[in-house]
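Note that chain A is present in both complexes that follow, paired respectively with chain B and with chain C.
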Partner chain A sequence: MSFPFLLRRLVLVIPTLIGVSIIVFVLLRVVPGDPIMMMIPPGATEDDIDHLRQLYGLDKPILEQYFDWFSEVLKGDFGTSISLRQDVVELILSRLPATIELAVAAMFISVILGTLLALIGTFWSNRWPEIIVDGFTGLNQAIPDFLWGLIFILVLGVLWPLLPVSGRIDPRISLDLVSQFYIAESLIRGEFSVFLTLIKHMIMPAIALALPLTAVISRSLKASLRETMTQDYIRMAQIKGFGPWRILIVEALRNAMIPTVALSGVQFNFLLGGTVLIERIFSYPGIGNMSIGAVIDRDLPLIQGLIITFAILFIITNLVIDMSYRTLNPRVRNE
Partner chain B sequence: MSEPTQSRRVHQSSLIRVWLGGIVIGLFFLIAVFAPWIAPHDPLKQDLFSGLMAPFWLDNHDPAFLLGTDSLGRDVLSRLIYGTQVALIVAFIAASLAALLGTVLGLLAGYYGGWLDTVVSRLVEIWMAFPPVLLSIVLVAVIGTGLHSVVIAIVIIDWTRFCRVVRAETLVQREQEYISSAVSIGFERWTILWREILPNVLPLLVTLLTLEMGIAVIVEAILSFVGLSVSSDQATWGGLIQEGRQYVHSAWWVMSLPMICIIIAVLAFNALGDGLRAILDPVMRR
Partner chain C sequence: MNAVLDVQNLYLGVSQNNRYSPILNGVNLEIQRSQIHGLVGESGAGKSMLAKAILGILPNSTTINKGYIHFKGSDLAGMSRYERRQLASRHIAMIPQDPMTSLNPVRRIGSQLGDVLRLHMKLNRILAQERVLELLNDVQIRDPKRVVHQYPFELSGGMRQRVLIAMAFSCKPELIIADEPTTALDVTVQHQILQLIKQLQSETGTSVLFISHDLGVIAKICDYVSILHSGNIVEMQSAINLFQNPLNKYTKNLLEITSHYYRFENAD
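Right, the complex of A and B next:
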């Protein structure tokens, strides 16, 4: 992986982001509901309404509005939220860490669980563990993350109330953390009781987000493990007398991982996008939950900022995955 | 010796999947078509005195309401039956339109290349940078609720799934020998695209279309769940989930039953799609 490659990829990101911003902007400007009408207090005069419209620049033609907005965005200013009356960038930054912690936890779970299932299914191939793994994968492909979330709430929140079903932390706990990365910070500071309640709140939404991706990973990895296990160098390792688990994990896994890593870019994006509904279902205070609220309130500056934030997150994940693919795969490494 | 028996077994299990999936979807289809005759009650008829009645497997249920009632006293079974209509209409129409749009753009981009390919590929790339669920919610908020806007939202979001695959496959087919022979005989470009390339892309397309129908069922449920699908008094599976969630502590079954319907429908579409993939295209059997 070379520096020019990274630079080329980063340059290509710019037109994509501009495209995203244009589409969002135009899309939101044809909204029938007038955002101004939702802000005005009862008894506002025609003059007040015109004044507000002017304040938010909604009286200008779309093209002019876009260029005004875009030149501010280039300076890092996404405007002021209409419904919450706060700076959009500040609002998003205050909620983003919660979403990042949730998404990273979910990605972690799906990679570990998916790999484990694929290894189990390959090791006991054609026997009952493989049948269970295949059955789980098949069923999992029919259950989207938000249904998993509701199933968890039903089973672990209502029928056997073992886990909290909403929020990020117990409201009775007073927090004196400085960052919004609660889990990371409580761990670093050694506040394990806080850490434990955080985990308890996160476990259900994280697993719900992780399960669809787990199915994709285990299915794809199992298929390529099966193929890798017939290769000559694996035969060679068997002849050398290496144990079956060692061959599977040390010799086969690394090569079999390559196609799975290549396909996981899009899949990680689905997981990130899934936070929108999952956070809503679990009343988790991240940017996903905030997005649905922003759409319902027709808060144009906030929706624009949130979609651009998601697009940036998507692009970063894709870039990271692309680079790990290149690191893993010697055939494209030196291109 | 083991190779042919292995592939025959794969073939057989694929046939079973196609049959199972097909039969289940056929049943849903019959339920949707004959809903007015099957449904024991009017799905919209409220009776506030008989709200949240238990289903048949619990004590003190009313035999007139097999699966119980929701908080407004509406029959859950009838609402599930009518919800099948919405789910299937969305699945077939939205998935087909998304397939049509994606395939046309994918074929043209893959075959003609040049600036057309650049534009289409760029568009796909931009589309992939949108969070799909959020985009669908924004779209329906923009277009307004209703069956047609749910269909439009799904088409606008998911055409890229078809476009990417069809474009890639067209690029592969374009380099095949039979295409250069067709060119040397003097076939028109359109004829080649229509008569030579499209039939070869078709198996892949049928598989994708079936899988997309399952996705469409889920997206419709998501939009109903957020309260942005069809009008709120029309019965939908997602709407029923949303209602059931509000009183999940007192009547957990209201939320669970439509979830089971969605899972069965998506499983059936997936089984059909996976089976067809294996049968129609032996190269893709992996």
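Right, the complex of A and C next:
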């Protein structure tokens, strides 16, 4: 990995974030819906409303509001949530780890499962395993993540109540974890019973999020594996006497992964966006769930903070994707 | 006779869109030990198909209908892929036509060569890497220590073909099939590559089946020549005899048409 590449990418992050913040800030103030109207108690006077408006700075012109907000942001202060009356940064940081753990779990599942399916479908191409893989892929391209979420709750939560349908952890368990990264921390500390309940809570939302992405990965990877398997260097490996699984995994997979990795950046971003609905459906305490609450309450500072957070997550995912693309492809590695 | 490989009465054809078209119609080809055996024929004659049949990499649309490919007392034509791999993959190697596409683009030269040695010569990683350096040195690659860490795209076509030649000779095979190994290279490199194949062949005593439609090239390095025409070997002769005294009418024509391309160099 070359240093100038990373540096160039990091420099680009700043204008991106500023652009996102301007668009969000303006949009939130021109779309209908007034945060003050959401928070006033019944019977408030015109004076009370004006007073509140002044308190939150919403009476000033948009440009001035933006600069006020931006200068605070530069100091690391995203303001106070209107509906929850807490510091936005603290609120987000307390919920962010839950979302990161969920999204990483879902990405992990989709990469492993998608790759396995593609390998199976290629190894037994034109035979029944490929037909099953194609059927499974087609089904998952048609069914969106939130629908899977509802199906899982109905089947595994209601009809056969095997798994918990809401939250991140059983509330009866007393937690003495110091970070919000429950899964990572319980694993590191070796608290396996806690780890197990965490996994039980996460497995349904994670799989629901992962399935559409699994389909995209397996479909794209299988197509490029099929193409790769016709290459001369694969034929050379066959002549040399390497076994078929070794040829598929060592010689073909890495070449075939290059286009799939390039495409998965966008797909991972879809997955991050998917957390919003999935967390809501499973009452999972992450920033996705918090976003819906913030939008319902027209909580402008919180919405702004959340969107910047999502933007940073998108940027990080894309950076990681780009770096793995470069690691896989020696041709672009040193550019 | 001391034949390494003996192809007998081989019939092979391809089925496409429910139509069957024959490609080889009873080919007989015997390759002797320590010989460079040329296989000549016009484009589309089925030279590569014959090579693929020997190497066990025929496309799915192609079937062997009759005949034998005798190697080490067994018949390669009637074997499963698995059996063939066990019996022959170490002993029959290949120098491909296109060195640009025949190396894995995302793997380093050193590990691609090393893997073959570890598979067949049962060397461990360290010994394999040492042997790789020797092999690269044998094919006259300068600075092998640097090349083992490089990727194929960092090497020229001639360098890559040298790597593939090193790979072909690496496990001391009994037979190497070289299917037009110089056609993808530019003329100055062609000559060096031919010299290299000939030199390594005479040092190791490996047999080579050298496929070409270029009689000039064949004249330069082959001991024996077979002419493939309309699915049959129409002539099989020592190179000296063939060029001086062709028996078959087709061969005579071929020599006449192309005589201005080659100069007979084996005579001296």
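Rule of thumb we're sticking to: the second predicted complex is superposed on the first by the 327 of 335 C-alpha atoms of A that agree within 3 Å, B and C clash if a C-alpha of one lies under 4 Å from a C-alpha of the other, contacts with A are read in each partner's own complex, and residues count from 1 in each chain.
Note that a residue touches a chain if its C-beta (ideal position, glycine included) is under 8 Å from a C-beta of that chain, and two chains touch if they have at least 3 such contacts.
Nothing here was measured: the structure is a model prediction, and the numbers come from that model.
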Which of chain B and chain C A:303 touches, first, second, both or neither: first
First, second, both or neither for A:329, with chain B first and chain C second: second
Contacts of A:232 with chain B and chain C, given as first, second, both or neither: second
Partner with the higher number of touched chain A residues, chain C or chain B: B
First (chain B), second (chain C), both or neither touched by A:20: first
Which superposed partner A:142 touches (first chain B, second chain C, both, neither): first
Contacts of A:292 with chain B and chain C, given as first, second, both or neither: first
List of chain A residues in touch with chain B within their complex: 15-17, 19-20, 23-24, 27-28, 30-32, 138-139, 141-144, 146-147, 150-151, 153-154, 158-159, 223, 227, 266, 269-270, 272-274, 276-277, 280, 288, 291-292, 295-296, 298, 303, 306-307, 310-311, 314-315
Contact set on chain C toward chain A in their complex: 55-57, 85, 89-90, 92-94, 96, 98, 101-107, 115-116, 119-120, 151, 153, 164, 167
Residues on chain A engaged by chain C in the complex (per definition of touch): 231-233, 235-243, 250-251, 254-255, 258, 328-331
Touch list for chain B against partner chain A, complex: 122-123, 125-126, 128-135, 137-139, 141-142, 144, 214, 218, 222, 225-226, 241, 245, 248-249, 252, 255-256, 259, 262-263, 266-267, 270, 286
